[in-house]
Amino acid sequence: MTPDQALYWLDLLGTFVFGLSGAMLAVRRDLDVFGIAVLAVAAALSGGMIRDMALGATPVAALGTSHTLLAAFAAALCVFFFHRLIEKLSKPVMVLDAIGLGLFAVSGARKALDFGLDPLPAVVLGVLTAVGGGAVRDLLVAETPRVLREEVYALAALLGAVIVVAGDRIGADPLPVLILGAALAAFVRILSVLRGWQAPKAPGPRD
Amino acid sequence: MTPDQALYWLDLLGTFVFGLSGAMLAVRRDLDVFGIAVLAVAAALSGGMIRDMALGATPVAALGTSHTLLAAFAAALCVFFFHRLIEKLSKPVMVLDAIGLGLFAVSGARKALDFGLDPLPAVVLGVLTAVGGGAVRDLLVAETPRVLREEVYALAALLGAVIVVAGDRIGADPLPVLILGAALAAFVRILSVLRGWQAPKAPGPRD
Amino acid sequence: MTPDQALYWLDLLGTFVFGLSGAMLAVRRDLDVFGIAVLAVAAALSGGMIRDMALGATPVAALGTSHTLLAAFAAALCVFFFHRLIEKLSKPVMVLDAIGLGLFAVSGARKALDFGLDPLPAVVLGVLTAVGGGAVRDLLVAETPRVLREEVYALAALLGAVIVVAGDRIGADPLPVLILGAALAAFVRILSVLRGWQAPKAPGPRD
């Protein structure tokens, strides 16, 4: 499998799991079938669309084929019929969200490098790709986005993106680097929730 | 009138009515004259701007001429002076919103087809164009967007976009298809409000 | 210094002060170090990214070099360690926000003119560049954006953008016009807060 193909499948898998997280949130908020589809699509596509619009990779990949949308709608359908089952899996939305986070962080950073961006912007665009979909999803139901509420969310995406950019700098084979980055990002995110890790806050009292 | 010209005028009309809906919301929230202008422009332009940025049709059409902005400002001005009159018309914001919804759904789907998008992405971009402006408008005043709160809102836009894409597939004359799609979308939306239609929710209790 | 260079430095300065305003808001909301970085970047980059995506100036300037991001991160770092000092300066977030507002209004309008936009769209894109970052910043912490809450916020940006476009029409030397526009916009904004100026609201009772 070439890196391009790997990126394609990773993106599709990330789309599906982010779609699940969006659809699960919609069910919890008691939204109807259209609300479920809208939140699934918003969560699944927003991050990649922001990435592509910022890079000028247009028409955005999410709309370039039907596959991305089909993955998001498949997620919405799964949730519509099986949300009770999905909910019963332990902390499922969190775990799915962590996997999607890792996948989008590496795919975003990789695409940024392919468009000639410098290392720092490539890392930031990876993080933006990863947290963008979740942020739009949460904003649509008037929640403060998870990236601001929950500790170490941005850090996990950062780790995945940094691994991809660092691997590119040392000339490593892209595919294992993508997988390593996505897995480590998801792992750190899940661990941080289970262990209740907290990032440091600015020292001193708030005036 | 060519389809291109029709699209131009439909877009301008949709801009005006969405501008009215944004400006009316601003008056209800007791915003000042700048807030009225900002919400009118946000409601009127956001959907089309998202559409064009996603397609790479830049500079976005909304800023390519002065006409779109003048239509939005005209709407803001009408509301500033005549909001009591506009409010008295029966459920006016809802009806205007429905007409704008239909117009933007068909123009979004049509432009997506012109940029070579596949049928499914073209339909989704039509829906996004139609619901995007209202979503940005509602988010700016910290409301959950109408597309998630109200039943059958997304469905009406979907219907309009599907008609345009289906008409394109069977090689129908574009102009009547655009008008039919916009009218049917607006009609379904208005009917759904008057009749209190509800879309199905995911079966089973929420855990 | 050429207008291009001036625009570059004005943009960087605006990025830094908007980054400060985002980071200060994050500290007040008791967010952790990642939340501070996210809000600094969101406040600093969103306006310019929307401007560039709308113009098709991609990859967006904010990600074209590392400088913009470094300015935003420097702002986050300053706030992380010195937020008590920064807070003690009189109404500091407001003043910084006013300066960033003026800088982005003129740089946004100037870039729009460089891309061949007509005067009215160029003015509006200047305003959007100026208020976009603050709006995204406020939306992320679930606040109604300042542009809608506070009087004369949009007017100040409008003034800066109009000066740039008017200067361009009469063929004035760009650099002093940019500085004049940014300074006047910031001045009007600060004065309006200190004096409690209010913009007119739509006449008549709200039904």
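Chains here go by letter, A, B and C, matching the order in which they are written, and residues are numbered from 1 within each.
Quick note on the criterion: contacts are C-beta pairs under 8 Å (C-beta built on N, C-alpha and C of every residue); 3 or more make two chains touch, one makes a residue touch a chain.
Please read all numbers here as calculations on a predicted model, not as lab measurements.
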(request) Have a look at which chains touch which and call the overall pattern line, ring, star, complete or other. (result) complete
(message) Taking only the C-alpha atoms, how many degrees of rotation bring chain A onto chain B, rounded to the nearest 5?
(response) 120
(request) Note whether the interface between chain A and chain C is symmetric in residue numbering, meaning over half of all numbers used appear on both sides, and answer same or different. (result) different
(message) Need the CA-centroid distance for the pair chain A / chain C, whole Å please.
(response) 28
(message) Residues touching two or more other chains, restricted to chain C: which are they?
(response) 53, 56, 139, 142
(request) Provide the residue numbers of chain B that touch chain A in the complex, in ascending order. (result) 53-56, 112, 115-121, 124-125, 131, 135, 139, 142-145, 147-148, 151-155, 198-207
(message) Under the stated contact criterion, what part of chain B meets chain C in this complex?
(response) 26-39, 41, 49, 53, 56, 58-60, 62-66, 69-70, 79-81, 83-84, 87-88, 139-142
